[in-house]
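This is the structure I want to talk about, given as structure tokens.
Chain nomenclature is as follows: A, B, C and D, assigned in order of appearance, with residue numbering initiated at 1 for each chain independently.
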Amino acid sequence: GCGTSDNKDGGGAAGGDQGKKMNIAMVTDVGGIHDNSFNQAAWEGLTRAKEKLGVEVKVQESKRAEDYTPNLTSFVKSGTDLTWGIGFLMENDIKKVATENPDSHIGIIDSNLGGEIPKNVASVTFKEEEGSFLMGVLAGKMTKSNKVGFVGGVKFALIEKFEYGFKAGVKSVNPGAEVIVAYADAFDKPDKGSLLASQIYQQGADIIFHASGATGDGVFKEAVERGANHWVIGVDRDQSNLAPKNTLSSMVKRVDNAVYQVTEQLKNGKWSEVAGKNTVLGLKEDGVGYAPTTSTNTPQDVITLMDDYKKKIVAGEIKVPATAEAFNNFK
Amino acid sequence: MNNSTSRWNAFLVPVIAVVLGILFGAVLMLLMGYDPILGYNLIFQGIFGSEYFLGETLRAVTPLIFAGLAVAFAFRTGLFNIGVEGQFIIGQLAAAWVGMSWDLPPGLHALAAVMVAMISSGLYAGFAGWLKARLGVHEVITTIMLNYIALFSANYIIRNFLKGQGERTADILPSASLTSEFLRTMFDGARVNWGLIIALILALVVWFLLWKTTRGYELRAVGFNPHASEYAGMNVKQNIILSMVISGMLAGAGGAADTLGVYGYMNISAGFTGIGFDGIAVALIGTNHPFGVILGALLFGGLSFGADNMQRVEGIPTESIRIVISMIIYFVAASAIVQSVLGYLRRRREVQAK
Amino acid sequence: MSMIDMLITIFSGTLIYATPLIFTALGGVFSERSGVVNIALEGLMVIGAFTAAVVTIWTGERMGISPALAPWLGVLAAMVAGMLFALLHAFASIDLRADQVVSGVALNFLAAGVAMFMVKKLFEGAGQTTTVQHAFSKFAIPGLSSIPLIGPGFFNVYALTYLAIILVAISWYVLYKTPFGLRLRAVGEHPAAADTVGVNVRRMRYMAVIISGGLAGIGGSALSIAISSSFQHATVSGHGFMALAAMIFGKWHPSGALGAALFFGFATALGVSGQVLGLTAYVPSELLNALPYLLTILALAGVVGRAEAPAANGKPYQKGSR
Amino acid sequence: MPAVVEMLGITKRFAGFTANDHINLVVEKGEIHALLGENGAGKSTLMNILFGLYQPDEGQIKIREKAVKITDPNMANDLGIGMVHQHFMLVEPFTVTENIVLGVEPTKGLKIDIAQAERKVSELSERYGLKVDPRARIKDISVGMQQRVEILKTLYRGAEILIFDEPTAVLTPQEIKELMEIMQNLVREGKTIIFITHKLKEIMAICDRVTIIRRGKYIDTVSINETNVDDLAAKMVGRHVSFTVEKTPPQPKGPVLEIRDLIVEGNRGVDALRGLSLEVKAGEILGVAGIEGNGQSELIEAITGLRKTKTGSIKLNGSEIQNQPPRKITERGVGHIPEDRHKRGLVLDYSIGENMVLQTYYKSPFAKTGVLQRNAIFEYARKLIKQFDVRTPSEDTPARALSGGNQQKGIIAREVDRNPDLLIAAQPTRGLDVGAIEFIHKKLVEQRDAGKAVLLLSLELDEILNVSDRIAVIYEGRIVGIVNPEETDHDQLGLMMAGGAKS
């Protein structure tokens, strides 16, 4: 059951001539559709939806934060059946557009809208800290120098979830290990990423986990430069292709699944099950996890250990910290 | 008589450049395998297709007017302000701070926030002016550096002192808002706001200041010939600093309008918005004249915003419109030759008339 | 260990970070010494970075040319692409006597548009190239690199870093010792004087701008196939403007440009070490990240002082005009 | 004598304006041929055509009786034509040698063979008595030496026909004398010289023949033996010109400007004024004579507030003004005709009208509460333009588009009309034709007669002698003597200016 809001100001925006096909659209954040990260993953989810569910999909890249609202609004007003906003940066825009267009269906990734979710919005967030915890377990176990690194993009709360989850993982298996943390203050500076990685490795770290978008490309490059025994752990999607010989694992975040599943719910008339609330995807829901290529460079016993921890987390035996405060209380 | 001809030229040259740029863009779209008529039609629709689009176009144009004015003002006084980007950030920040933490009656609060933003950005840019006037440090370098410093410090300040829910400052109080119910309803909910009116007023102020006041006479004289200005008793250093201050104030007003008019808060930002750099383009399309800047911003903002519709509907990449815009600027530059030939003919005619 | 290791990484970080800036600032020196203001450095780097990545991928991965050769082909192509792109600037600035700032700004926009557009065309709509498999690796000069401290600090960097430093020396020689350089500088100081002694102002300026495009192109290639290994919209973001600043900071002189580029590199590396060493407990990381920009302003204010641009910089030359 | 240069029926138009209108110029081998005409008559244009910088629209050029088409300066060089331009064509940061070899650099491998070049420059310099230091930088040497570098440039290229476009306008009398000797040396060596100058005495002293043009048209070619200064002036301007400045005896009153023991630092960090004392009275013109670089510029800058003083006092109408901002000093009644009209005197991109209020734009009636009163400004400008005969299409024309003479008249109008108690005139007639000079001198005398103090600085001894009521000689930053123009002459002044004692 999709609301067919009338299309009076379509302004050329297509309404879909086949009438039956559902229109799904997404608005990227300023990272753009090919960010090698969650925007791209979301688009992959939509593409899958197109193939499997037979829906029409469209995308609009945002150049500036100010463009979120009009981009979302244009889709919403042109009768799109479900409009996705990708990234927490547009949480306020989503809230606003949703309230102003109560008949529309809107989805957002990475934000629960501060808990106040309008009836027509489905939000999805991830427990990045849980996935990152497993990376911490891996790193803590595998480090030979007892030093590992974390490179963050910008110090957003979202990125801190990665940092503290990771640190907690390290601490759990190797309390004596040191974690060197550095932020590039940018998601798009590979040169800075390589500089940071270079110094962290030089400090004696042998494994670096990054959560820094394209900045992380530089981390991979530096690891490749340094060759054997300099490891990287990727983020968001399986990044082992960037440095097949130096990648231990990647903390994958299944934005694609989230987008696909919510779209599927709508298609199957189960919108009400996701609307007006936040869906949190953690290890339990397979919303986060480690990449299948992990086994390439990571010994089986470490993977087994990670799986053990995963079970404990899923079972609620371990509560993974996502903030500095929680981490300080974490033993 | 010759003044009106030069005004006519100043108008004609960019118009020709725009036409050429758009033709160039059409050829480009053809080469890319898209229908240029459809493409431009979609852009047109994306601007004028509904009140909402039109309103949002104006919203997108607003910061470009501020940034363009800031750049143009500096250019007119012989300075190249690449630092509008950073000054804009400072303006956003100051406005957010005043907007969320002062307590004043509606209207007055907004005014205070805009003023504080202008003063902060003015001082920030004035620092570059001071370095130039006192120590001869090239303003191009300092303003580039100050952009980065503004970005990082704004993030720091928001994180540590102004943090609201999420990665941003707290909301400004409604009394500080520049949103306009009148404009909102007129444009079907678009976020066009009083900032646009402020921008237009400032364009008028800049024009008046530069060409109608003694201060403008000094500022331009110092830009053209500091030695003669010193001879004439003007305070060259003070004017250089003042020029940067005013340029920064214009940028700061833009930042304030953005915070108070569009969002009501300021985000922690992972990088530059590019407003400052777009402002350089806008100023140059507008031949550094305040009214030209308005037209330049309408063109630049309109094309960029309309281009989104092109991507939404037909998937035509928005880069093509960046290319069109760049070609327009290129033709503005190149058509200087037209201008100089026209100007020369005119001078000779005058000499003969004598 | 730390202190020494720190110095090593700071030194090599300095050199690496400076590499693209050195090339590009050097390009700026050529152009502006001839009297053509080059705000287009950013755009030229974009074109170079893009071309280098694409050509290296094509030759190395699709045509199977040796991985040792492919990146050099990328550099060569970046240089050529930069030269061709610079022609647009030369044409506008020299033949059309355009405002050189305007033309430069236009080309920056154009480069960004064209490069991203081409990436989408060539990589099935992707926003970045695929990872360049045969990107440059750091290169240790045998012998020299085993000198303690100095060795790993200075002699374990990219081949392009050495090339940059060699080019500084060559540029200095060309500009200050050869007839070509004398004429080029003359054209930038007093084109009418050069013209009256038979120096072809137009040709000199064209050559200078083209050289500048070539060097900035190489500078761009250093970003896309040495320091990182792909091209995307943010590969260059601002390095061209930093190079412009380095050129001015270096007083339009090759060795000055080198010094300024190294200074930026050093300050950046220093800020990074601050974080890595855990200084963030006392100093905000934002401050450490802003360090290079703060230090530059301090250096300019404190040490360097007034720099004179070439006298005819930015002024179009018209035969016989006064 | 065979003709080496024949320019026949040369016409050159600039976008509809005819700068040269069927001009003929025939120069014989071994002569010094003067080219005479008012400012803007078309002399430089004609010479630029001969040198290949411009192409004529009509007419024919023959060099050594062979018709040629000179398309660029290289070609002129090949034909043995060299030109010393009115505005020096020297690259300031370069050395003398670098300037001379530019374009024809001797090389050793890839490198410029600078040693060989320096040797050759020294040789040439000695042979023609030019006395230049091959290693000095242009920006560090005197104008006179710069000129000799220009001459060397042509000789280095083997020029046989030399064009000197107004070489003496910027030279000191001593330098002019040396230049004359050099020119005679050159002719003795078989060179031919075309010499442009506004100074008729120079023409009479050194030239063989003279061609006169007026407003782009050919007037006449005469032999020096058959003419005189008055005749030349009349031919050039088209009316009679008076050379003696008509003036009544001065009636000086109390001092307006009093300078005591002034010490001022120059640009190079050494003291340029070393205890200078000077007094200018109301109702007199005090001329300051001196060789360039003896502190004249610093003196003016110190008085007008453009330069800080170290010690000593400057009093205007009894109150001290040293180290005050220029605006204060201007407002207290100092007018200043600056020596470099492009650098200081005008904002070239402003209209001539706007330039007329460069110091007064903020005052009533030109401004009211900070707002410019355009009508008042332009009305005022129209008045001055008319009164001072500034030739400009309109008051709205950019100052840049005016000829040097008219720019200068504009400045004088502005400074005189402000009615200052002290008028400083620095090189007020440099580069101007006799008609314009006459006018300007008249204005200075009028000011004096109106009871103002006038301080005249000039490198032109004739000007100093003709216009001044008293002459102060400046040498190495001090006034070394005050003389009465009636009781002195060139030789005595020359001696004092060179540091010789007052006789």
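Just so it is clear, contacts are C-beta pairs under 8 Å (C-beta built on N, C-alpha and C of every residue); 3 or more make two chains touch, one makes a residue touch a chain.
From a predicted model like this one, the values you see are computed outputs, not experimental measurements.
S.K.: Name the chain pair with more contacting C-beta pairs, choosing from B-D and C-D.
M.R.: Pair with more contacting C-beta pairs, B-D versus C-D: B-D.
S.K.: Looking at C-alpha means, what's the farthest chain from chain A?
M.R.: D
S.K.: Taking each chain's centre as the mean of its CA atoms, how far is chain C from chain D in angstrom?
M.R.: Here chain C and chain D have centroids separated by 45 Å.
S.K.: Can you give the whole-Å distance between the Cα centres of chain B and chain C?
M.R.: 28
S.K.: In whole angstrom, what separates the CA-based centres of chain A and chain C?
M.R.: 35
S.K.: In chain C, what residues contact two or more other chains?
M.R.: In chain C, 234, 237, 286, 289 touch at least two other chains.
S.K.: Touching at least two other chains at once: which residues of chain B meet that condition?
M.R.: Within chain B, the residues that touch at least two other chains are 152, 155, 271.
S.K.: When you check every pair of chains, which ones turn out to touch?
M.R.: By the stated definition, chains touch in these pairs: A-B, A-C, B-C, B-D, C-D.
S.K.: What residues on chain A touch chain B, complex-wise?
M.R.: Interface residues on the chain A side: 9-14, 25, 30, 58, 60-61, 63-67, 69-71, 73-75, 77, 88-89, 91-92, 100, 111, 114, 153-158, 185-188.
S.K.: Provide the residue numbers of chain D that touch chain C in the complex, in ascending order.
M.R.: Checking each residue of chain D against chain C gives 48, 51, 53-54, 72-74, 77, 83, 85, 87-94, 98-99, 101-105, 107, 110-112, 153, 157.
S.K.: Chain B touches which residues of chain C in the complex?
M.R.: Those residues of chain C that touch chain B are 88, 92, 96-103, 105-110, 112-114, 116-117, 120-121, 234, 237-238, 241-242, 244-245, 248-249, 284, 286-287, 289-290, 292-294, 296-297, 300-301, 304-307.
S.K.: Which residues of chain A touch chain C in their complex?
M.R.: So the residues of chain A in touch with chain C come to 32-36, 155, 180-185, 188-196, 198-200, 202-204, 214, 217-218, 220-221, 224-225, 241-242.
S.K.: Name, in rising order, each residue of chain C that touches chain A in their complex.
M.R.: Residues of chain C touching chain A: 1-2, 5-6, 8-10, 12-13, 16-17, 20, 125-128, 131, 135, 137-138, 223, 227-230, 232-235, 237, 239, 268-269, 272-273, 275-278, 280, 285-286, 289.
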